[in-house]
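One structure is given below, encoded as structure tokens.
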Amino acid sequence: MGGRPCSSTLFLTVNWSLLQVCQLRKQFGGFIALNNVSLQIDKGSITGLMGPNGAGKSTLFDVISGLLPPTSGHIYWDGHEITGKPPHILFSLGVLRTFQIPQEFDSLTVRDNLMMVPAGQFGEILWNSWFHRDKIDKQEAELAHRAKEVMQFLTLTPLANEPAGNLSGGQKKLLELGRTMMVDASIVLFDEVGAGVNRTLLGVIGDAIVRLNREWHYTFCMIEHDFSFVSKLCDPIIVLSEGQVLAEGSSDMIGQNEQVVEAYLGLNQSPHL
Amino acid sequence: MSGRDRVYFVLCLLLIIGVGIFQSWNVALTMINFALISAILSLGLNIQWGFGGLFNVGIMGFVALGGLAVVVVSAPPVEEAWRAGGWRVLSALFVAVLAIGGSLFVWKRWRPKKYGAVSLVVFLTMAFVLYRFLFDPAVLAIEKVNPALSGFLGGFNLPVLLAWPVGGLLAAAAAMMIGHIALGLRSDYLAIATLAIAEVLVAILKHEEWLTRGVKNVTGLPRPVPYEVDLQQSIWFQEWASQLGIDGIEASSLTVKLCYMVLLIIVLALIFTLCQRALNSPWGRMMRAIRDNERAASVMGKDVKRRHLQIFVLGSAVFGIAGAMMTTLDGQFIPSSYQPLRFTFLIWIMVIVGGSGNNWGAVLGGLLIWFLWIQVEPIGLATIDFLTKPLHPTSPLRVHLIDSAAHMRYVMMGLFLLLVLRFRPQGLIPER
Amino acid sequence: MNLLTATNLSGGYGEVDILHNLSLTVERGKIAVIVGPNGAGKSTVMRALLGLIELRSGQIIFEGQDITQKFPQERVILGISMVPQTRNIFVTLTVEENLEIGAYLHDEPISVAMEEVFSLFPILAKRRNQMAGQLSGGQRQQLALARALMMSPKLLLLDEPTAGLSPVVIDEVMERIKQIVAAGVAVVMVEQNAHKALEIADIGYVLVQGRNRFTGTGSELLSDPDVRVSFLGG
Amino acid sequence: MLDAAIVLANFVVIPALSYGSLLALGALGVTLVYAVLRFANFAHGDTMSVATMMAIYCTWWLQSLGIDFIRPLPTALLAIPFAALGTVGLLLVIDRLVYRHYRQAKAPPITLVIVSVGVMLILHGLSRMIIGVDEQRFFDGGRFIVSAGEFKEWSGLKEGLAIKSTQVIAIVSAVTLMAYLFYFLQRTRTGKAMRAFADNEELALLSGIRPQKIVTSCWILVAVLAAVSGTVYGLDKVYKPFTYFQLLLPIFAAAVVGGMGSPVGAILGGYLIAFSEIGLTYAFKRVAGHLLPPSWVPDGLLQLISTDYKFAVSFTILVAVLLLRPTGLFRGQAS
């Protein structure tokens, strides 16, 4: 089976992996969503995560980003264990994620949606908001500048002052992407960025991802169903099926992998058969 | 603030001036003073509900704690009561704190072991017996000391203005404890829990006579402003009043109320400025983001739990300050006067009618709803009187209706709330 | 004559269309299977047929009657019954009560219908007085089917009836579906599990991004290499 | 020994049973609204108050007509059906004017809670305006079924057992009503549909259940529960609008402790709250006096918590249950 073996006790191997997932298991009652998943995401890569519905992709993201505790297994970040850490701590390490259904802050404007992202803002401390306005203003100006760039990049500028709740589905997706661009993220976990987005917009998003990867040195891990879109962007591609890693490799390898095709068609060589 | 928002405030002002002209300036000033305190309460709730989406229905409890602060800070100490059992009561409370802390420790340490629950019960029973052994005689002794006049420990005889921040701190400390345990609950459960906790707090204030004199009330609390009698007797004041051509007694009472008003306006302005600054800052942005979507906010690096606790404590501190101010204004502490309808639900109506999430809206709601709360009764009375004029003055229907006008305020408040929720759910002054 | 004919359906949630000029037909006593990659709009078709989403254009004819504008409840009365993918039984009711609720719109006594359903799903008869929440995954799925059948529907809409089930149980559920069809009920089924579903399909529709991509009998589709690749989302 | 049991029955068990019965009926009303309409109804206490008010007026009317054929039972029992009808009408009107709008707009539960606060204020104000804030007594008929003196004579014991007729009425009417409610929910078509709707709203709609019908029958049940529990509580204690507003909290406590949305839980919760309120604040000295040799009887009252904190007991239990097990002791609807 795919996925590299990894030992959780002897983690001495020098490697380039930014994020390493070892023997991760997540169970909801009797339902096993993740069944001993092991995989790693290399620094600077755009890793694609594919698989049929119910394969456990979003659950994997939830566990990595700290929204759900794993039943067992370990997650390592740059060699340090981060299993079970709360989301805001992971964020401070540079782990960002987006959601399949956009989770915008609907009463905030598009600009505020972007500007709220960076952690540890000087003005997020109540005392400073009362007594150090000048310093806040300076930082806000920087943030606003960055937000402006991001909005320009994503063609959201005309909507800057619009409450995010009023945006269309595709625009919300762009905003989700934009939020990840507000900080120097180390890794962005993208959940179905293409769902509900039209082709032209998808092109824009794809370009943005490549540029962010090359110029800003972001690492991406993205769940995506559109194979042509994934194969253009991603290397490697990891295929999950029934909570397990089914295959891993370049897009050519995956496209020709009979096992993968069968998994999508529903003829699984599940090991528990 | 937009033009229309200003119109609302001018309208409020006109209403109050109207009261001054048609009823009396004394009434108008009293109304203003309580309206200002309502505005502060409403700001406090706006921090919790408007900024952070916390459904707190326990406002009354924190207001009462603020009132207690006035007693503790500024009432004169009763030396005899302290000698009779003051230290013993304190040691009993110390035992109680130790017992609770100890049981938490035992629970954490021993729960996995076999006899964890049993040992906890044994420990608590022992602690309870010890507590009652220390507490009961002491309380009896204290309450026996001149029961008609004191029968309680009294306070520290410090300036009453100090009680305002102390009230805030006391409420904040209580909120810290309550928040730690209750904030994880879903919104409707949080509502029920806070409602219940507030009732327990007030029940304690009502019945622990050694602390608050209970139903006997603490009267004659010191004031931050001069007494009317002193003013009337001072020569400069008499001259000044006669120069203005006002009766000395009325002048003195107006002056006292004006002094209070100035103090209240200072506090309101201070809290308002802090609220505005906080809301229009990255802090406020973060809070609103958390309110809109907790899950996404936590993934965007915000510590939702800590922030919820922060606004819970902050808003409750404001309730405590307002509670202390109200008790100071009354000059007495009446534990049985704390009713949820008046101190919790009325504040909710203020915030929702004014516009939650907007500080101007909260202040407007506080002023306007207080005005209506007071004036619904006379207006209703006048209306009923007018409508039933054709009836004989002693006709039972007319008498009954006139009697019942006093209770129209609840119906009217409920109606306001429902109408605003239905036709202007964002309130008179919307969030933005 | 076709039992149900849907032509050129376009629509979705909010402004973004998920379905684009999609058409499909089902005959009486036949089974139509909708397959396709993730996000192709399969479940949306189901919801559209039952009237749970607003269509921007298109027409749905059921038994010669235009039902495009009808409310979901009216469609249920006409004989369209749906089994949602998740939360498709009442977990706090007993098995028997679940079936009674299934026949809620029936005025005549339901004992006959219930006996028929029990003969189709013997396991449910054994557990008729148990809470539905205590059933296993496969039994729950059977109960969901049984509940939908209590209305004696002419058309049964099944949204991924085998999702999350183990292979042995999948076979069992498929077997039941075949029996239902044999009894004269038309079925439209959405399936992730394309292989199994297409094996029993009279007609199959491959959807890609809300559009008809391939249509044919089950075996035709299964042997077409283009179809296989298109499952990867192309 | 027997004397101790009699004292316990007299001052703890019987009062707790009758109070618990009424709390259980109230909690059932809250829990039904929570299960079907999915919000915590803050207006329930005042619904009971208005219902009782109707019953009181009706009782007075019947008394003025001289109708007393059910002596020694109180006339108010005859008034309950009228009060229930009136309450049904009231609640349906409120639903039409107030709640329906938010239900159709799919408003979040918290909005409905705030709306119910508005309804609570209006109902509270109405009862104050119409009947006034004072205590109303409308009990007539025989006070005691068993009086202490008679019991002593009959049994020859030192302690007497007194059973008030209102206590028996409370227990009997509560048990009857609960039995009917369970029959309705478990056996009738509408009852089953109601449970199905509470369990899974979307699937209920797919099965052809009309929500409006479920909502209407829910309000009818709530109105009957409110009329019976309110009137009988007023008979047993006293009627006063503010007392009924305050009843809201022990009722919520009972519903939450049992698990919001679970009828069985509401009943058990009602008795649990009643027994702990009365048991924890009862001075057990008299019981001990019969059990222990005289020299062993302690000086204190043997009272765990002062009676002043009677209400506080239920709130404390409520908060503890919310924190330790928010779904209630008997598993209500989880989030």
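Just so it is clear, A, B, C and D label the chains in written order, and each chain counts residues from 1 on its own.
Definition applied: a residue touches a chain if its C-beta (ideal position, glycine included) is under 8 Å from a C-beta of that chain, and two chains touch if they have at least 3 such contacts.
Note that the coordinates shown come from a computational prediction; the quantities given were computed from them, not determined experimentally.
Taking the definition of touch as given, a chain qualifies here only if it contacts chain A and chain C alike; none does. The chain with its C-alpha centre at the largest distance from the centre of chain C is B. Averaged C-alpha coordinates give centres for chain A and chain B that are 46 Å from one another.
Chain B and chain D have centres, each the mean of its CA atoms, that are 30 Å apart. Taking each chain's centre as the average of its CA atoms, chain B and chain C sit 58 Å apart.
For chain A, residues touching at least two other chains: there are none. Multi-chain contact residues of chain C, defined as those touching 2 or more other chains: none present. Viewed as a network of touching protein chains, the structure reduces to one closed ring of chains, two contacts apiece.
A complete list of chain pairs in contact reads A-B, A-C, B-D, C-D. Residues of chain D that touch chain B in their complex: 39-40, 98, 101, 109-111, 113-115, 117-126, 128-130, 132-133, 245, 249, 252-253, 256, 300, 306, 308-309, 311-312, 315-316, 318-319, 322-323, 326, 335.
Those residues of chain A lying in contact with chain C across their complex are 30-31, 50, 52-54, 168-170, 192, 194-196, 198, 224-230, 255, 260-262, 264-268, 270, 272-273.
Residues of chain C touching chain D in their complex: 50, 72-73, 76-77, 81-82, 84, 87-93, 97-98, 100-102, 104-105, 147, 151. Residue ranges of chain B in contact with chain A, taken from their complex: 274, 277-278, 281-286, 288-289, 291-293, 295-304, 310, 314, 357, 431-432. Those residues of chain B that touch chain D in the shared complex are 55, 132, 136, 181-182, 185-189, 191-193, 195-197, 199-200, 203-204, 206-207, 341, 345, 348, 352, 403-405, 407-415, 417-418, 421-422, 425.
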